[in-house]
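Chain naming follows the written order as A, B, C and D, and within any one chain the residues start at number 1.
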Amino acid sequence: MNLELFIPELVLAGTAIAVILLDLFVRHKGVLTAISLIGIAVAAGFAISLWNGSPQAIFNDMLAVDNFGIFFKLLFLFIAAMVILVSIDYVNKLARFQGEYHALLLFATLGMMLMAAATDLISVFVSLELTAISFYLLVGFLKDNRSTESSLKYILLGGVASAVLLYGMALTFGFTGETQLAGITRSIQETTASSSLLASPGLVFGLVLLIAGFGFKIAAVPFHMWAPDVYEGAPTPVTLYLSVGSKVAGFAVILRVFFSAFGLPEALSIDWGMAFAVLSAVSITLGNILAIQQSNIKRMLAYSGIAHSGYIMISLATTGLSGSAEVIGQSSTLFYVVAFALADLAAFAAIIAISNKANSDLIKDYSGMGKRAPVLALVLTLGLISLTGLPPAAGFIAKFYIFSGAAANGLLWLVIIAVLNSAISAFYYLRVAKLMWLGKPSGESGVPSSPALRLVLAITCIGILLFGIAPSLLIKLAEMAAAMFAF
Amino acid sequence: MGLEIAFWLLATTAVVSAIAVVRLRNIFRAALCLILCFLSIAGIFVTLSADFLAAVQILINVGAIAILIILAIMLTREVERGSLPNKLQFPVIAACTLFLGVAVFAIVRTPWQVSGLPPTEPTTAELANSLFTEGGFILPVEIAAILLLATIIGAIVLMREK
Amino acid sequence: MEAIIPNSLVWMIFLLPLISFVLIALFIKPFLNNSPRISGYITISAVAGSLILSLWLLTSLLNTPSHELIIPDFNWLIIEGSINIHLGLTIDMLTVIMCIVVTTVSLMVQIYSQGYMHGDPGYHRYYVYMSLFTTAMLGLVMVDNLLLMYVFWELVGLCSYLLIGFWFHRPAAARAAKKAFIVTRLGDFGFLAAILVLFFSKGTLDVSQLHGYAVAGAIGSATLTWAAIGIFLGAAGKSAQFPLHVWLPDAMEGPTPVSALIHAATMVAAGVFLVARMFPLFEHSPEALSIVAYIGGFTAIFAATMGLVMNDIKRVLAYSTISQLGYMMLGLGVGGVAIGIFHLFNHAFFKALLFLGAGSVNHGTKTFDMRFMGGLRKVMPWTYATFLIASLSIAGIWPLAGFWSKDEILASALSENTLLFVLSMITVFMTAFYMFRVVFMTFGGEYRGSEKPHESPPVMVVPMVVLAVLAVVSGWFNATGGFSHLLGHGESHSFTEGFFGILSHPLPWISLAMAGSGILLAYAMYSAKWISPHRIAWFFRSLYVLFSKKYWMDELYEDAIGQRLLSDRLFAGMKLLDSKVIDGAVNGVADTVVDIGNSVRRAQSGQLQLYGLFIILGVLAIVISLLIWG
Amino acid sequence: MTLGLEHFLILSSVLFAIGLYGALSRRSAVVILMSIEVMLGAVSIAMVAFSRYVVPALLTGQVFTIFIIVVAAAEATVGLAIIIAIYRRRETIDVTKIDLMKW
């Protein structure tokens, strides 16, 4: 086997272990941040060098090295780097365990990278659990009342969801005798060629359990209810990582598993496509309606994240309904997750800076922020505009992309629901913006931000505007990454 | 015939002990029933010709997890309070019954591709081969190792005082 | 300026205000906060540059045979096998006319604002928004595909929202901004839906390609009709057509120059522009076209009736704007692009002038309530003169601008549909009446306020004078048939023939008579009562004799008919419809959403086991429905 | 009636449902964790049974089960660590009282 193809993951694992060991010796903890960032950069460099090579399977077909996986790996590495940068202030407040914090962040990243590349139910499951367990620990890292409560809720519900997911995997395995995704689809086609799918309710049940298990990861309604509580209590950088990293990883897995293992026969893919369509409609509507009520900005973004999972699920539904002829479902998912990640990163980075100073996550405390901290307020506004889906932000193109794919595949009703909901969402997103720019400042003092944070703000802003104004580049990459699904 | 008797015996024990885990007021006894449940699951593994797995089940679940749970019960003085039900009894029972119904329906109505071949025995050497060779499951083993490392680190972080 | 304008300079028309926006927002506001005037100067020079380039563009277009310029575009968004959107400009006469209207009015308003906004703490912010608005508005009229048009469409909406709520510390302003935002977005969904419908049926968003398909009959008639209706819905939201008009009167909470630019001359006319831009689609869908005509005609008269009873000068003007926009829609519906846009063109100047006049009055008296004005003729002669010219123009008095476009609309309505013609004739009467009611209540009689009124500074008066000149002459453009000619069809005649010849037809005389009687009635009701007979005798000698003997009729009209019958019943009814039904529907939707949210929120009880239960119920729901229907 | 795949599967589903009931209806976080262990054990039975009956020549299901056991152990460890951390702060592990964050 060619171990070169596995270097990005190895580098990351090595970096994590190095960080733990170094923590014992170095006094100046900034070194840990630097080492983590260097490790991420090196891993990203190796990942880029693998881009656009011919797709290969390694470790006995447990893992694929292809553009789709590399696209996500790079995205996760980018998000991880941003999260480490925004964590600096937070980490400095910790009396100890800085090394462990970074190591767990890197382990979670490693888990997500493996999730995006896994092509066997066993490796999917183990890497998913690696991510999940790292996150359970990160969420509880503060050890105060809220943080531990979040962690407890997350692990208990995550445990139930894992069991549900495993039950689904067991039924799938039992029906097909395979754990490899390609083998599963081969076996399903052989056994169901003659009879209708309804004759095998075990497969349908297994599929639904898989949807539920993965749906928990992406916080799709009705598997979403942990998300707001956990997001609120977790340390904000972890909330950020959870809301972009873990969620995007969930979508990466769903895309690969559902398309590779259940993409054929068509009756099956239409079944799960419709299931995702309905979940999507419910998620979008509920996420938006509940977001309106929130007074805590982290909670608001949690509900908004649920709504965004709904928007992304539109493209999953498109994937299911369009069959293998088109890849617009997949490529639009890829575009959307990037746009969503950038917007959420921008918004959260600003929130971290503001809540450091104001010591509050309440929306009303953002009043007049435009006067106290114009740059932060501007970035937050841009992030919110992108989340709303207004031009010239990337979120606009992302929504357009997904909607156009869905409408072309007979999901016009869903697009209409989604568009109406986007209007509702404008209300609560822009309410924050309005409060910041037009509200009365609650204090006179400005809001300081560290250079690292400013770097994140700048990068995300440029990204949002770049992909909003000149989206062709990213679309091209997304199409290249999704091309492997066409056959 | 002996296999069948063993199955029914073990299955009954497993179900009864599982019910005891979730229904007993005394948490300490519930934990002991969990051990019994794990043991009977190990027995079921034996009836399925998975001897190595049965050993793993006993070693890890009974020897480690159950002990850990009992330790936690003692640390949190939960025995005094007991295991009480919450307010969701009826909806949960209804949902679980329905879930069981759907599961049984799916199990009974699905044409499983049962093969007539005899099971692989003994499994220990075979399992070792498939776990630790390049053509096998070495990748998940490696990931699992990292997962355990993360668990250990995290548990230390959470347990130690600030 | 015989040379053809270079392409790069065409782009500059739109880029200059953008540069000004960036400059002020990023550099002037943060770093030069102490010298407020600079922002104003930057904006003014940018807009003036755009105006000059627009004029050059006009002459260039006139020198090209097809009256069209092709600006090379570049690819912007390509999605394999699905979307190919390129970025380019459409330069035809419609664009140029709109550019000239936007830049001219914008320039005048920016100059005027230097005086009006003097000393306001939000001075920079004001110019930031205004530059952005001008950019977006120019972008809207220049781009060549629907997607970008939608982008700018939303952007002008955003600027409008920001500017209505400019004085956000006033609760009324914040409320008005929200209302405008919600109501116009309702219309925008229609537009967006239409864009999607067109895109999925034809796979392109390029305006000229879509025109080609529509003309060739390549779009199914149902699709075409729905798309056209969707577009019109968007247009109705922006242009405050019934029943989406409710936001515009409230929008008067913004600074008055904003009302003049955005809520009178340009943005609200964007709806009319949109229909004109997509006119080939409407042309091939008779249903959609008649919807445009009927909604327009109805809005015209409906809004006018409400204008009759308002005491706030800006509100009268707001209802008047709605009514005139209805006219333009009617013109598009019965007559075509040239007729509708011609009225847009003229209206922009005189309506902007009316608002600037109202602003000037407010500057002097510190109030918008006409009951506390009166007699300003003496202290504010310039404001009065210009306001009067604008009022005559909007009333449609020959030979002022308003006359020419209104006459064309009436003529087309007469030949198309008698009902619409009668409606618009009544509107002519009402328009003259309420405008002169404003004139008499504000400028006539004795001063009833407490502030000491004074004339506005020259920086405000000069733009008004410029606009007054335009309000007189802008209509003459078409006396030769030149305007209609530019937009496709129309016959040419010599200037004198067109200018005086029109009076040889009976129709202009009828409309003049209607307008005249409106003015007369206003005079009788609001002037004759208070102003000394000498002045009246000097003004309207013969009519005074006629009416003075029936002086009791005036009181009857004012008290019995005016108050009880008209105000209390009919107009109150319309106001009720306006505030309860339509407003209520808007608020109702919002409240319902909030209520649903509040009840659903209860499920999020913090109890993790309840969350787990929902997971299982979700699984069961999906699996059971798949097993039943799958 | 001879012993077949269905027997094991039904046993597995019964245990799963019992575990699910426990996880959703007991107040003590430790008992919930124990119930989750029961659910994972139930899945293991199904996995091994499928392995035995569907692909007896291969050991895929058994391998999968090993990973389930490993992950179950890791989850139990982390879960108990969190439970103890929360007990230290609040003197209770009754999950119905752990509801600071809601709505």
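Going forward, contacts are C-beta pairs under 8 Å (C-beta built on N, C-alpha and C of every residue); 3 or more make two chains touch, one makes a residue touch a chain.
The structure presented is a predicted model; accordingly, all values stated were derived computationally and were not measured.
> Give me the set of chains touching chain A intersected with the set touching chain C.
Both-contact set = B, D.
> Chain with the smallest distance from its CA centroid to the overall CA centroid?
That would be A.
> Report the inter-centroid distance (CA atoms only) between chain A and chain D in whole Å.
Each chain reduced to its C-alpha mean, chain A and chain D end up 26 Å apart.
> So, what's the distance in Å between the C-alpha centres of chain D and chain B?
Centre separation, chain B to chain D: 6 Å.
> How big is the gap, in whole Å, between where the Cα atoms of chain C centre and where those of chain D centre?
Result: the chain centres lie 66 Å from each other.
> CA centre of chain A versus CA centre of chain B: separation in Å?
Whole-Å distance between the two chain centres: 31.
> Indicate the residues of chain B shared as contacts by at least two other chains.
Within chain B, residues 86, 88, 92, 95-96, 99, 102-103, 107, 112-113, 136-137, 140, 144, 147, 151, 154, 158 contact more than one other chain.
> Tell me, which residues of chain C touch at least two other chains?
601, 604, 606-610, 612-613, 616-617, 619, 623, 627
> Which residue numbers or ranges of chain A touch two or more of the other chains?
122, 126, 129, 133, 136-137, 140, 143, 152-153, 156, 160, 171, 174, 177, 201, 204-205, 228-229, 293, in rising order.
> Treating touching as the only link between chains, describe the layout with one word: line, ring, star, complete or other.
Complete.
> Can you check the complex and tell me which residues of chain D touch chain A?
That would be residues 9, 16, 19-20, 23-24, 29, 32-33, 36, 39-40, 42-43, 46-47, 49-50, 54-55, 58, 60-61, 63-64, 67-68, 71, 74-75, 78-79, 82-83, 85-86, 89-90, 95, 98-103 of chain D.
> Can you name the residues of chain B that touch chain D in the complex?
The contact residues of chain B facing chain D are 3-4, 7, 11, 14-15, 18-19, 21-22, 27, 30-31, 34, 37-38, 41, 44-45, 47-50, 52-53, 56-57, 60-61, 64-65, 68-69, 71-73, 75-76, 78, 81, 83-89, 92-93, 95-97, 99-100, 103-104, 107-108, 112-115, 117-120, 123, 126-127, 130-131, 136-137, 140, 144, 147-148, 151-152, 154-155, 158-159.
> Can you list the residues on chain B that touch chain A in the complex?
102-103, 105-107, 109-113, 134-140, 143-144, 146-147, 149-151, 153-154, 156-158, 162
> What does chain D use to touch chain C in their complex?
Per the touch definition, chain D meets chain C at residues 20, 23-25, 32, 95-96, 98-103.
> With touch defined as at the start, can you tell me which chain C residues reach chain A in the complex?
Checking each residue of chain C against chain A gives 30, 75-83, 147, 151, 154-155, 158, 165, 168-169, 174, 182, 185, 189, 192-193, 196, 199-200, 593-594, 596-598, 600-601, 603-604, 606, 608, 610-612, 614-615, 617-619, 621-623, 626-627, 630.
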